[in-house]
Amino acid sequence: MPKLIKQRSKKAGLAPGTLVHIGEKKTEAPKITIMNYDEVHFQEKEMKTIEECFIFKDHPAVTWINIDGLHQVEILGKLGDCYGLHPLVLEDILNTDQRPKMEDYGEYVYIVLRSLEVNGSSNEIGSEQISLILGPNFVFSFQEKEGDTFCPIRERIRNDKGRIRKMGADYLAYALLDSTIDNYFIIFEKLGDKIEFLEDKLINQPTPETLQTIHGLKKEMIFLRKAVWPLREVVGSLERGESSLIQTSTRVYLRDLYDHTIQVIDTIETFRDMVSGMLDIYLSSVSNRLNVVMKVLTIIATIFMPLTFIAGIYGMNFKYMPELEWRWGYPVIWFILVFIGGSMLIYFKRKKWL
Amino acid sequence: MPKLIKQRSKKAGLAPGTLVHIGEKKTEAPKITIMNYDEVHFQEKEMKTIEECFIFKDHPAVTWINIDGLHQVEILGKLGDCYGLHPLVLEDILNTDQRPKMEDYGEYVYIVLRSLEVNGSSNEIGSEQISLILGPNFVFSFQEKEGDTFCPIRERIRNDKGRIRKMGADYLAYALLDSTIDNYFIIFEKLGDKIEFLEDKLINQPTPETLQTIHGLKKEMIFLRKAVWPLREVVGSLERGESSLIQTSTRVYLRDLYDHTIQVIDTIETFRDMVSGMLDIYLSSVSNRLNVVMKVLTIIATIFMPLTFIAGIYGMNFKYMPELEWRWGYPVIWFILVFIGGSMLIYFKRKKWL
Amino acid sequence: MPKLIKQRSKKAGLAPGTLVHIGEKKTEAPKITIMNYDEVHFQEKEMKTIEECFIFKDHPAVTWINIDGLHQVEILGKLGDCYGLHPLVLEDILNTDQRPKMEDYGEYVYIVLRSLEVNGSSNEIGSEQISLILGPNFVFSFQEKEGDTFCPIRERIRNDKGRIRKMGADYLAYALLDSTIDNYFIIFEKLGDKIEFLEDKLINQPTPETLQTIHGLKKEMIFLRKAVWPLREVVGSLERGESSLIQTSTRVYLRDLYDHTIQVIDTIETFRDMVSGMLDIYLSSVSNRLNVVMKVLTIIATIFMPLTFIAGIYGMNFKYMPELEWRWGYPVIWFILVFIGGSMLIYFKRKKWL
Amino acid sequence: MPKLIKQRSKKAGLAPGTLVHIGEKKTEAPKITIMNYDEVHFQEKEMKTIEECFIFKDHPAVTWINIDGLHQVEILGKLGDCYGLHPLVLEDILNTDQRPKMEDYGEYVYIVLRSLEVNGSSNEIGSEQISLILGPNFVFSFQEKEGDTFCPIRERIRNDKGRIRKMGADYLAYALLDSTIDNYFIIFEKLGDKIEFLEDKLINQPTPETLQTIHGLKKEMIFLRKAVWPLREVVGSLERGESSLIQTSTRVYLRDLYDHTIQVIDTIETFRDMVSGMLDIYLSSVSNRLNVVMKVLTIIATIFMPLTFIAGIYGMNFKYMPELEWRWGYPVIWFILVFIGGSMLIYFKRKKWL
Amino acid sequence: MPKLIKQRSKKAGLAPGTLVHIGEKKTEAPKITIMNYDEVHFQEKEMKTIEECFIFKDHPAVTWINIDGLHQVEILGKLGDCYGLHPLVLEDILNTDQRPKMEDYGEYVYIVLRSLEVNGSSNEIGSEQISLILGPNFVFSFQEKEGDTFCPIRERIRNDKGRIRKMGADYLAYALLDSTIDNYFIIFEKLGDKIEFLEDKLINQPTPETLQTIHGLKKEMIFLRKAVWPLREVVGSLERGESSLIQTSTRVYLRDLYDHTIQVIDTIETFRDMVSGMLDIYLSSVSNRLNVVMKVLTIIATIFMPLTFIAGIYGMNFKYMPELEWRWGYPVIWFILVFIGGSMLIYFKRKKWL
């Protein structure tokens, strides 16, 4: 489980637009890769410094600069200066606890969303901030650390598969968004399996640990909702084509993406409903087991208390107790004891306690 | 209960519009049937290949192509090429975990919804995706497997019953939607019976299994809601006549359909309220029974513990215990024991514990 | 409690507009009454056949045809033919599980709502569908069985009381709606009494039956909400004067009716809040009583277990137990037992368990 | 606690606009007071009959007629005739279970709201209906019984304090509303104290009575919400200046009033949240105490049951029981008993049960 | 925890606009500081009387007057007279229980919000009202007591850091808002730590005190929500530029501020969800522990009750009890007792109670 809230306090009091990286340093050295392509031409390079990218600024083909690792603040500063990005945008890229949003700055659109991943060892869901800047002929993407979410898109550009090389920067931005959101479904499949497994266990053999797992799932749901709900607004406003950078031909793809987003939200809500239903079941089954335990106790006590009392009676040392002298006293008492015990058992059988 | 989430992961990373069938293969070979009719003429055929259908493309009469079974992806590809369907539409037809939606592509409208069915053996509710494409003179319908939801409509076309042969493709699309949604009520009747039966049992003789049935019902409600809620939006936007393919005369029927949809949603909400009320009742009655058990235990313990103590007293072996020597000691003790036991019983009667 | 869902299945597959009566046959023979009135003239008649009513079709005075009993489908068919009613309207009149709605067909307005009644013997709330058709100079009203909801209005027309004879058909429709909704308040008074009585009982002497009564009330609330909530929309759209059949002078009355509707909804929500609060109280008081029971058990066990143990000690048969030989052993033991028991009692008094 | 629902049934079936007073007769004889003022002139009088007021009808100065007590229906009738008030307005003034609303009749505005008061003896919150009619140069106010809510305003008019004498009838209406709503805060302070006192008690010493107090508070919240929520709409539509009777200079005051209304609603919601949180705490602390009780029982039983068993063993009368003959048998047994009891205690200490 | 509701009652009945300070006197003497700056010039002063400030009234540079401490009502009165502030604004500044709001008076904008602080000793969250008045060339800020929230901004103005000296009064107002809201995140970090610490404790070792801490957190959430939710509306309407005092260049900063506000609200909602989840966990774990206790009791009773009964049997004093005479009777009985006890233990092991 990631921290509930990132440490923003080191930013408090600074002037807005001051560039400070908030978040852990997740990668050693930032990795800058550039792709420049149009229908006929394609170029891919890994850059040492950000300045090398600036030659593509006025190139008519689509330029995609991807930066993995955000802790070298000056890279962003230079990029911002060259392309005229607003300091607040750069600040938001560096503050890696943004909620998904889309901001239209006229000459470019800034989109931020979160990619999800399952942490290998602890099996917990984590998230990483992905920032996109879409301009007329460029897309910049920023990731906290190197990831493989964008690999299939690189492949499609390299091999000229689908319509990606034929279309503009807006389609590339769509493809990046689509790839990130498609990735959610993989996480959700795993989560769905986890929930169904837990449900089986809940019915067959609930333990206090089950409770903690449910609680953990609930927290993951809160976390996921926070990451996913605002996406609806983001993709929705892209689709409505509020920005002139989005061409009409791309809008039908964004509508499809919007559908996926709704489906993502739907799935989370379903999960939430399921998990909170599980808590009810857990509580009910705990009550049920308490009932079972109490019935056992009551049956035992109800049978043996009267019997022990009778045995106690004939353990008294009164001088004149005629029964004690009777020849058949002892067998008769045994008969009485067995009779009382037996009738109790029959009574409980009838009451369905046994 | 169907899986919470279908395996979309095999699609992750593919270019949008790539045709891959998501879902189980529910039928052997896809079955293609075609109906071509207007007020005077009627023709019905089962086709071997999809190409045979293309001759009706520019035929002025209404053409209805129904395809049962989606796993032969190339059929859809060819149909899409011939009628100029957008690749994203074809992709959505194949991804059988769509939420109900309506998309207007100008020349045709794409509608997707879910038909419900009760699985015979397990008595569980399942769903199947139904896709409709409505064009100026054609309707295509796609089902995952052969079903009998559309049979009454085929009958009505064959026998020229009602106004279906007199009206256009939009009325046919309406009839297909109406028939699917009418079918929901049959499912709901069964569900209502199940709920009322459960409620009776809950009051008369709740068992831990009742809890599981309630939980199962809750999950079915989540599942149904997901399938049904978006319908409101779908039918609503058809009724508002946002597409030019819907003629004014059909709108009054769509308004009726909208009413049915609202009723469907209403019913689901009623069911949900009932089922969640049942959980409360279950928990309360478990508590009540615990109370009953505890009272029995307490009564028994409260009566026999003092008695056993008294018997224990006179089982002590002190040399000088005057009572033991008394002639009437033993009967007196019996009298005391009976008196104590009796007053306890009266006390509990008064406290209404008995 | 009425059935949750009426059997619509016999309608599934039929063409829309096919007339089939859904609901129980609540009356023997349908009763057709007609009133024809204006400011100066008044005529009232009970008709044998519906055809007799048709002579009033073009009469300028207001014509009110009331039909009690819907199972003779052909009556409606003829009326529909004569006045040009849409088949879907006739279908909705016969399907007596409609949710309240208002549909404007231009030449006439179709309104459907539910009247409530308390079933005499079982004290349960039932509902009946009331359909109104408002035309330029006529109002048709359809009830499932003969009722007395409309009697005061008939009286007012007969005796020319108030402004009803001076105003048009729209005012008559308003009066019928008003009378039906005013009737709700009578039901609500009874329901309010029931709730307050239950609340008293809940606090003074809750039993498992109380739980079932609460559950029954909850279900009645679900049922009432379903019948009442949509009314807001119905009366609201009448009041906004969306139909040209509603004259401006009538609108101020409809605004008043709208207020009543809001009040009806408000009252139901208040009832719902009260009833769900009662369940919490019930559960809490069950827990409280469990606590009381457990305290009694614990006190008894805590006092007598140590005492019985001590008595058991001196019941042992060891040869060398000096205490047994002591002259004052037995009284000393009694003193010890009383002392232990007494201190326990004081301890529990201090802990406020007694 | 006032009745949930007032008896409207005596009105059912009457023509709309029939004047019947619904509510208790709260005052002996209605009291009619009139104030007539402008910047320079001021007149105040108590009238015997309503007719005496009519001379001020066309007086240019502001006329404020206040009527305390509504059971003399004919007073209202005459006033309505003189000033041309709609019968439905008069009806609503008399039906004292209105929800707050504002109705614009063009020539006058009808406002109804509820004033709150704490019943002195039972400490319960009651409410009274206050109706205002604002005309171009007059304000009528109707109260169920004589109250002192409006006294400060009378003082301000008499002493020409603030701007009230300089402004028109709309400002007077604002002042009356403001004074009524300001009064809520006094009620809320008392309620807040009650809640905080209860909270303290809940934590320190909860009793079953606490539960009933919480339940009572919950009901008061339901009651208050019903009285207060609709105010937002009422004041909001006055502030938006939908009526031409409200001058622009008064609007800034109405905006302030709107703020107060929001604050009133906010406070109620805060109270509601607090009270429903208290029920959770109550339930949890009941469970906690049950746990404590059960632990005591378990500790006692776990310690003394084995000890009593051992004592029972050596109380058996077998002929050949070597331990009974041993010289140190009895002390050894005592040692064993103390050892077992002691280890149990240590065990429970470790498990933190003690 | 601050009082739920401030004592407004001393204001009830006063004319609107009467200046009375509501709230505690949090500082000795009000402190008036003034800053006057533009791009080239800068002046800072602490004033004795408010009149000294009035010379800056028509100064073209930005004037920022900050007043700490509100109990000297006449200061506000004079300031209001000089700058033409509406009496209602002055009243709202003095009533320190305002909910955040923004009011546009044309020539100036009045903004009120709350700053949060953690009380050092009790670790509780308190709040203080901050009022801002933004005019064309001035900003007035009012705090209840001297705080350090605005220090960084003073520093930035003094040292001409960032763009603050280059921009107008609207940017200064933005900076003050931003600084207050940024401060929330520091509070939230502490709160987040508290919640996570509590969660750990809840799982490892819940005590009744944990319950009270959860309850306290819940109340803090209610309090925070009240302070924070309305901010969204406030900053939103500033950002939409509804006031002409906000320049377009400042709007992009206000959009950023709006994002922060949404994030603040999001965080509070997350906290709320977490805290209410914790109550469920607490209740479940209490139930679980009850189960554990009951199992121990049941195991002990189930093992020792039958054993004690058997020992009781052979403690009876019947004359003819053959077993007592047997040579191996005593060892056989021991064997039987051990056997019964052992099988019980095995039985409970199998049932997983041990």
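Just so it is clear, A, B, C, D and E label the chains in written order, and each chain counts residues from 1 on its own.
Quick note on the criterion: a contact is a pair of C-beta atoms (placed from the backbone, for glycine too) under 8 Å apart; a residue touches a chain by one contact, two chains touch by 3 or more.
Keep in mind that this is a model prediction, so the values were computed, not measured.
Starting at chain A, how many touch steps does it take at minimum to reach chain D?
Graph distance in the chain contact network comes out at 2.
Report, in whole Å, the distance between the mean C-alpha point of chain C and the mean C-alpha point of chain E.
42
Could you work out how far the Cα centre of chain A sits from that of chain B, in whole Å?
Distance between chain centres, rounded to whole Å: 26 Å.
For chain A, write out the residues touching at least two other chains, lowest number first.
As it turns out, chain A has residues touching two or more other chains at 283, 287, 290, 294, 297, 301, 305, 308, 312, 315-317, 321.
Classify the inter-chain contact topology: is it line, ring, star, complete, or other?
ring
Taking the contact definition as given, in what order do you meet the chains if you travel the ring from chain A through chain E?
Listed round the ring from chain A, with chain E adjacent next, the chains are A, E, D, C, B.
Write out the stretch or stretches of chain C touching chain D in their complex.
151-152, 156, 161-164, 175, 178-179, 182-183, 185-186, 188-189, 192, 195-196, 203, 252-253, 255-256, 259, 262-263, 266-267, 270-271, 273-274, 277, 280-281, 283-285, 287-288, 290-291, 294-295, 297-298, 301-302, 305-306, 308-309, 312-313, 315-321, 353
For a test of understanding, state which residues of chain B touch chain A in their complex under the given definition.
3-5, 7-9, 11-18, 86, 88, 91-92, 97-99, 101, 103, 105, 208, 211-212, 215, 218-219, 222, 226, 279, 282-283, 286-287, 289-290, 293-294, 296-297, 300-301, 304-305, 307-308, 311-312, 314-317, 321, 323-327, 329-330, 333, 337
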